[in-house]
Each structure stands twice: as C-alpha cells, then as structure tokens.
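Heads up, the next two complexes both have subunit A, just with different partners, subunit B and then subunit C.
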Partner chain A sequence: MSDPAEVHALDPESFEERVHSFQFWFESVQGYLAGREYGHRPDAEDPPLEESERDRLVTVLCNYCVGETAALDGASGLVAAAPNRLTKIFLSTQVVDEGRHLEVLRHRLVELGVERPEEEVERRVSPRLRDFRQRLDALVAQRDWDAAIFAQNVILEAMEFSTFHMHAQFADPLTRELLIGIIKDERRHIGFGETELGRRLRVHPTLRDRLLRVRSQLDPLVLATFEDAMSELQVPRAEREDLGRSYLGAVERLGVRA
Partner chain B sequence: MSGNVLKLPGSEAPRAKYALEDDTGFDEVPKKYRKFYRRWGGRDDVLAPNEVLCPVCKVVIRSNRELRPGDRVYCMACMARLRVVQGPDGGLVADVEY
Partner chain C sequence: MADFLSGYSIQYWLESCAQGYLEETQFGHEAGVVEPALVLGDDLLREQAIKVTTQLVVGERCALSASSGLINAAPDEAARRFLATQTLDEARHVEIFTQRLYDLGVKKPDLESTLREHANPNLVKFAETLLEKVENKHFIPGVVGQNIILEGMAFSVFEMIYAGNQKLNPKFAQTLSGTIADERRHVGFGENYIGALLKQHPEKKPEIERMQKEMSYYMLATFADQFRGDENRAEMDEMRRAARAAAGEEAPEGTWQGANLADLDPDEMEGLLSNTVLGEFKTRLGRIGIDYQTPSRP
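Here is the complex of A and B:
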C-alpha cells in the first residue's frame, strides 16, 4: 500500500486495513517503547519514597494489575468472538499491550520492594474491581461481543486512560514513565471500542438499550474503583473532576445514556 | 508552516497550504505519519486552520491544507475516522464517523 502525501486522503477501507494491522502496531510502539526496560528508561530517576507514600502507591498499582489482568483475559477471550479479520488482528495486538501492562506494573511493585506481588494484589484488590472483573469474564465466556467490548474497551479502558493520565501528573518519575507508555497504548484501545460499537449501533439501534443496562450495572463499579485510587494517591478533589470525562464523552457520542 | 495558497477544483475559495514539519515530538504512530499529529497543550492550545482536535483521544490532527467543514480526517493514534464540522463557537471541531 502506497503512502499518500496527505494521510487524510486515504480511502476509509485503506485506513481501516492499515491501522488494524500488526505492521502498524509494531511501527507505532517502537516509537515510544524502544530502549525501555519494563516501561521506563534504564537510567530513569528513582528517588526513594516515604513509607506511607510507597504503601499507597503499592495499593494503587495492585488494583491497576487487576484491571490489566481483566483486560488481558477479556481481549484474549474475545479474539475468538471477533466478527472479522481486522477486529481479530486488532484484538491480538491489544492482548500483547495488556500483557505488557501487567508485566511492567508487576515489575514496578517488585522495584518498590514487594516480595510476592501476586499475594499483595490479592490482599489489596478492591472488591468492586474484583466484581467488575467477574462480570466482564462472564460476558466474554458468553461470547457476548457487544456487551463485552463495551465493558472492556469503553468502560474499563476509558477509565484507565483518564486515571493513568491523572496519576502520571502526580507520580514519582519512574512510575510516571511507565504510565505514560501505557496511556499511549490505551488510545488505540478506546478508539477501537468506540468505533466498533458506533458501527454496530448504526446498524442495530436497539442494541443501545442493552448497552445501557450493561452500563448501569458496571460503570458504578469502575468509577468507584478509580475514584478510590485517586483518594489513595491524595490527588486534590478539584483535580479529579476530569476523571470520568473521557468515558462520559464516549458514552455520550454513542448515545448510551439514560 | 508556510502560507502558500492552493486553488482546489470545486472549492468556493482557495485554501491555504501548509508544509508540515517532520517531527512534532509525537511518537505514537509510525514515523512516516507523525507530521500529521501533535500533542494537545490543553484548553489554552490555539489550533491552526489546518488542525482539529480528536474528541476521542485528545490528539491534535494536522493536515497539509486548511481544513473546512465537511472534510474527512483520520486520527491514527486512536484509529478514529472523523468529519470536520463547525463548532458552536464558530471554530472547527471533529465529529466521529462510525
């Protein structure tokens, strides 16, 4: 496929084909992951944290690990349910992204002195996030493409996108670097979810009512979880106003509102 | 950016043409496409006539010509297909096309 002088002159089919490819994914992530070790520059500054600050960060990272594990299980399970080649290929790149996120977050826990990260994650996970994960797992097991993509790529990913973005502004330098790398991946995930559902809603408008029911069950769990994370990180309340903005913007555009 | 004028067939008035610099510091898409995007500087970031903000992922999308309502643009960072429209305040905004 030739590259036009103006990318916006591509026809929609060529654009879709191009961006839903491993080739595109590989060339994209190279730009911001090359030379990184576990998500950050090997010589990144890592000043010691106060014990209370370290403990709060460990709790937050443990919950991020659960969110990323949910997305990893969800994306990998949904490859089989994906309706066509392009969605299968995109989701397989998302699986790689989610696996990387889990790895770098777990590694950060080790860098922070957590000896048994898996046990710590189990001990510190929010019950609401655990509940969300179980419900997402159930949708994936039922191969309920629309509801699972909505739960995973719109609700969960959009909330992670906003939360990580906010956290990065207040984080220690090393955590900040790995969060910024994750945010760059999340852009693709949220865009994929919204576009895929937008297309399906255009053809099947009655799907909107179903997604609204999924939203009413799941988004309180995710919103509360990430609000808890912001409290844990002591992010000023005024700064948290933007927390749900990305997610609410997406559901507004899709028309999934009461 | 240059301000040369390009007359396009069928347009009411000539559009300004823009030479996009190769590296805007945006590293989230393959190198050959990076000039078409840049990071958004927040609400105080004034967009040029060849730029529009992606409503999905908040990246600034750039074109090598002045944008007008009805133009199609792509956000490669989040893979959204967008249509340029006139916003409520008269400026250009992008609507997602599904």
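Here is the complex of A and C:
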C-alpha cells in the first residue's frame, strides 16, 4: 500500500504516473471496498423506513442512477479521446467506479422493494438531469476533451460529490455507507479533472473562456437538479445554500468564474 | 438474460479478481520478483522480449478502446456494467505490459517510439478492423470481434507464452497468469451474452462473418511474421541455445496443447498456434450460431 507522504514526495511526472495508475486505484479501493457487499457491510443496520420516506428515497436514488449512468457513458466514451496512456488508464478506473456506483444504487433500490429499477428510473428522472446527460453525451460524442472533462470530472462530479455529501448526513445507515464509499471515488475523479484541466489551462489560458461557456450552459441545470434532490430529501433551506456553495467552490477552483 | 448477467457484476469482479487472484500482486506479479538475469543480460533475448511485449501492448490497447467504446452502445445496463469491469481489466493489462517494457530497459520517453518501431502492421490492421465496428457503434459485431476473436486469440497466445515462460521467467508467467484468468471471463461473457442477442438480430450474422474472416486473416499474417523466414528461425535457435545454456540440463520450455514447445521448429509452432486459435474460433462461433469462415492463408 502506498504511503500518502511518499506519493506526494514524488516529482510531478512520477506523481502523475503513480496516481493515474491501475495499481494506485487498486490499492486505494482495497482499503474501503474490502468486505463490502454492494457498497455496504453485509451486516449493516437497515431499519425500516416510513412509506413516504422510502418513496422519496427511491426518487432520489433513481436520479442518482441517471447521474451515474451519465458518468459511466461519459468516462467510457472519453477513453478513446484521452490524449495519452495515463489519462486512458485513469479513465478506465473511473469507468469501473461509475459502473460500481450504478450497481450499488440499483441494488439499494431493489433492497427498498423496487422490482424493476430501470423502469422506475425512467419514470422518476428529473427532466433537468436528463437534459444535463444529453449535453454531456454530446460533448463526449464530439470528442471535445477539454469541455467534456470539465463537464464530466468537474461539474458532474462536483455536483454528485456535494449532493452525496449532504445526503449522507441525513441518510439511513445503509444508504449512508454506500454514499460514503461513492464519495471517496468522486474525490479521486474531481482531483483528476482539476489536475488535467489545470495543466491545460496553464498552457492554453484562452481555454478558460470556452469552459466558462460550458459552465454557463450547465450551471442552471445543476442548480435546478440540486433543488429537486434537496426537496425530495426535505433538507432545510439554509443547508441547501451550503450545497450550492460547495459545488460552486469546486468549479471555481479552476478559475472558471462567471 | 438479466440473471445470467448477474454473474458478471462488479461485485463479482471485486470478489473474484480485485480481492481474489490479484490480491498482493504488484503490476500483476508477486512483489520482488524480477526479470531473469538471462533476459536482461542477453541483447537478443531482451530485444525479442521487447518485440513480443510490444505486440501484447498493441493488442491490449485495442481491447481497452473496444471495451470502453462499446459501453454506451450496450443495449442494457448489466452489459454496460460488465464492460466497465472489462475496461478496467484491459487498462490493467496495458499497464502491466507497459511496465514490463520499462523493466526490460525501455526508457519512459521512448515508449511510443518503441511501440511504433516494433508493432506488427498486420496486428495493427487486425485492431483497426475491430475498432471500425466500435467506432460505428455496431454493438453485436463489436462484442464478437472483441470478446470472441480478439480475446480468443489473446487467450491462446498468452497460454502458449505462459507455457514457454513458466520455468524460464516466473515473473512474466505470473503476469500472464492473471491476464489469462481475465480473458477467460471475457470470452465467457461474449459467448453467453451474444448468443442470446443474435437470436433477436439474425440479420447481423453476415457482417460478423465478414469481420471474422478479415480479422482471422490479419491474425494469421501476424503469426506468419513472427515465426516464418530464415531470420526468425535463426533468432529462435539462438534464443534456445542461450536459454538452454543458462538453464543447464533442464529443458526450459514447457508443454502446450500436448506438444513440448522445445521440440517444435518455428513452422510447427506457427501451425500449432494458428490451428488452436482457429479451432477455438470455430467452436465458440458455433456456440453463438455464427458460421465460421475459413480465412485466406498468408
């Protein structure tokens, strides 16, 4: 297992070679996935939920499934467009992370009594999230590396990270466990997006304007999606603002400010 | 189909692969195991090892592009999730074989030029034929090309190389052994899943049969380039002499498909490999309802 201090002592090139590798991914996930079944401990506490609470949770999880499917399609579609071996390998680890998220969320739906998760997801998806997914798909199909990585690994991942982080604070024990595992993955994905785009922005500062245009198209959809999710979860108003701030903070770390 | 696909879940992958045969490995082998001094100290053996490993990297890069590219063309979510695990498997293979090139002395800045120099042009055409299907989102031909043709070829090639390296190079043999276990899973998925899909889309068969014939030709041409000609023969003789000298009395090559590899001349090895792979194609394609097409011989 890599010692974090040792990894950060590496020169930039060796650091990238290390943290974008399968080996690094493998050692990272062994820590928090070992002994888990579908994202949680087999004996994790699962108290019954009130019917209305269960129904709201199902809606939220259905929308998470759409977000994770968008991320799976996005990450897999970008492997071919990735400019070098290391970015291809990192994205491959992200592909399996996203596939895992989709699987554990779908499994949670089944645990909650949903018989046909795919149909339920279609029925409950927010139109704003569906729109977001279509826009991300289009950027990936165009193999527009910078814009697609920004939309996928910064905007979408920051949206998911912020939402899951907030939700984990209110969630039932079993949902919380699987969200915490997902959040750990999302942190790695955002780190990759920031590092990759940060480097490209230093070389091509004009890229910032293009990313700003992408952001201006996607921000309203993200914020509206937050609103939908937080309403379902009945999060108090004041805390919803924290969520927006958390997302905007992640996006603005790259200097892509409206 | 959904029940069958549950055996290809990410949970299963984590238990069988990440927490199974890959546990405690580093770049596919036990920590501390290194390339043998014989390979590193003999220019011919080292160069040959670089050439062979280059073909493995080229094949695995193709498999990585294909499996990732097929995800958003997959007709259901379970297949997408399986292909996600396959994408990561293929990326791992790219990484461990690339690492082997470094272990053999290729400098990091020289990686791409080394691959360009040694990549077999017929293997590149083999890959291009498959990737054209993937690029056009032709899912069923793409999965047959990837999980039956490419993986079927890789499976037999890896097994033969594994047999030849078990005694001579335990590090490389260990690396191959994990890869073979992955390929077995991939081929199994291709057979089980595509058979059911083809029943729904029999109109796809002619396209698949044309692709199989074309890919098989390029595969045979790759094998021919590897084994035929005086230069290859002299090189193999020289490598065997060096390996025997280092290993003493014990013959260093192993047994594969009932043949002692040490006793075969290059033409016989080519014949054994070609016939084994084509035989496997015929069997596996038959299982999914595709008529095997005999390729031209290069």
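In this section, the second predicted complex is superposed on the first by the 248 of 258 C-alpha atoms of A that agree within 3 Å, B and C clash if a C-alpha of one lies under 4 Å from a C-alpha of the other, contacts with A are read in each partner's own complex, and residues count from 1 in each chain.
As a working rule, contacts are C-beta pairs under 8 Å (C-beta built on N, C-alpha and C of every residue); 3 or more make two chains touch, one makes a residue touch a chain.
No experiment lies behind these values; they were computed from the predicted model shown.
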{"item": "Clash or fit (per the criteria above) of subunit B with subunit C on subunit A", "value": "fit"}
{"item": "Subunit B versus subunit C as contact partner of A:Gly244, first or second or both or neither", "value": "neither"}
{"item": "Which of subunit B and subunit C A:Thr195 touches, first, second, both or neither", "value": "first"}
{"item": "Which superposed partner A:Arg253 touches (first subunit B, second subunit C, both, neither)", "value": "first"}
{"item": "Partner chain(s) touched by A:Gly67 [first = subunit B, second = subunit C, both, neither]", "value": "neither"}
{"item": "First (subunit B), second (subunit C), both or neither touched by A:Gly181", "value": "neither"}
{"item": "Subunit B, subunit C and vertex subunit A (Cα centres) - angle in steps of 10°", "value": "100"}
{"item": "Which of subunit B and subunit C A:Gly31 touches, first, second, both or neither", "value": "first"}
{"item": "Which superposed partner A:Leu10 touches (first subunit B, second subunit C, both, neither)", "value": "first"}
{"item": "First (subunit B), second (subunit C), both or neither touched by A:Glu103", "value": "second"}
{"item": "CA minimum distance (subunit B, subunit C), superposed complexes, angstrom", "value": "12"}
{"item": "Overlap of subunit C and subunit B interfaces on subunit A (superposed complexes)", "value": "none"}
{"item": "Residues of subunit A that touch subunit C when the two form their complex", "value": "17, 21-23, 26, 29-30, 33-34, 37-38, 69, 72-73, 76-77, 79-80, 85, 88-89, 91-93, 95-96, 98-100, 102-103, 106, 118, 137"}
{"item": "Of subunit A, residues touching subunit B in the complex", "value": "3, 5-8, 10, 12, 15, 19-20, 24, 27-28, 31-32, 161, 184, 187-188, 190-192, 194-195, 198-199, 201-202, 246, 249-250, 253"}
{"item": "Sites on subunit B touched by subunit A in the complex", "value": "27-34, 36, 55-59, 61, 63-65, 71-81, 96, 98"}
{"item": "Contacting residues of subunit C [partner subunit A, same complex]", "value": "9-11, 13-14, 18-19, 22-23, 26-27, 64-65, 68-69, 71-72, 76-77, 80-81, 83-85, 87-88, 90-92, 94-95, 98, 108, 111"}
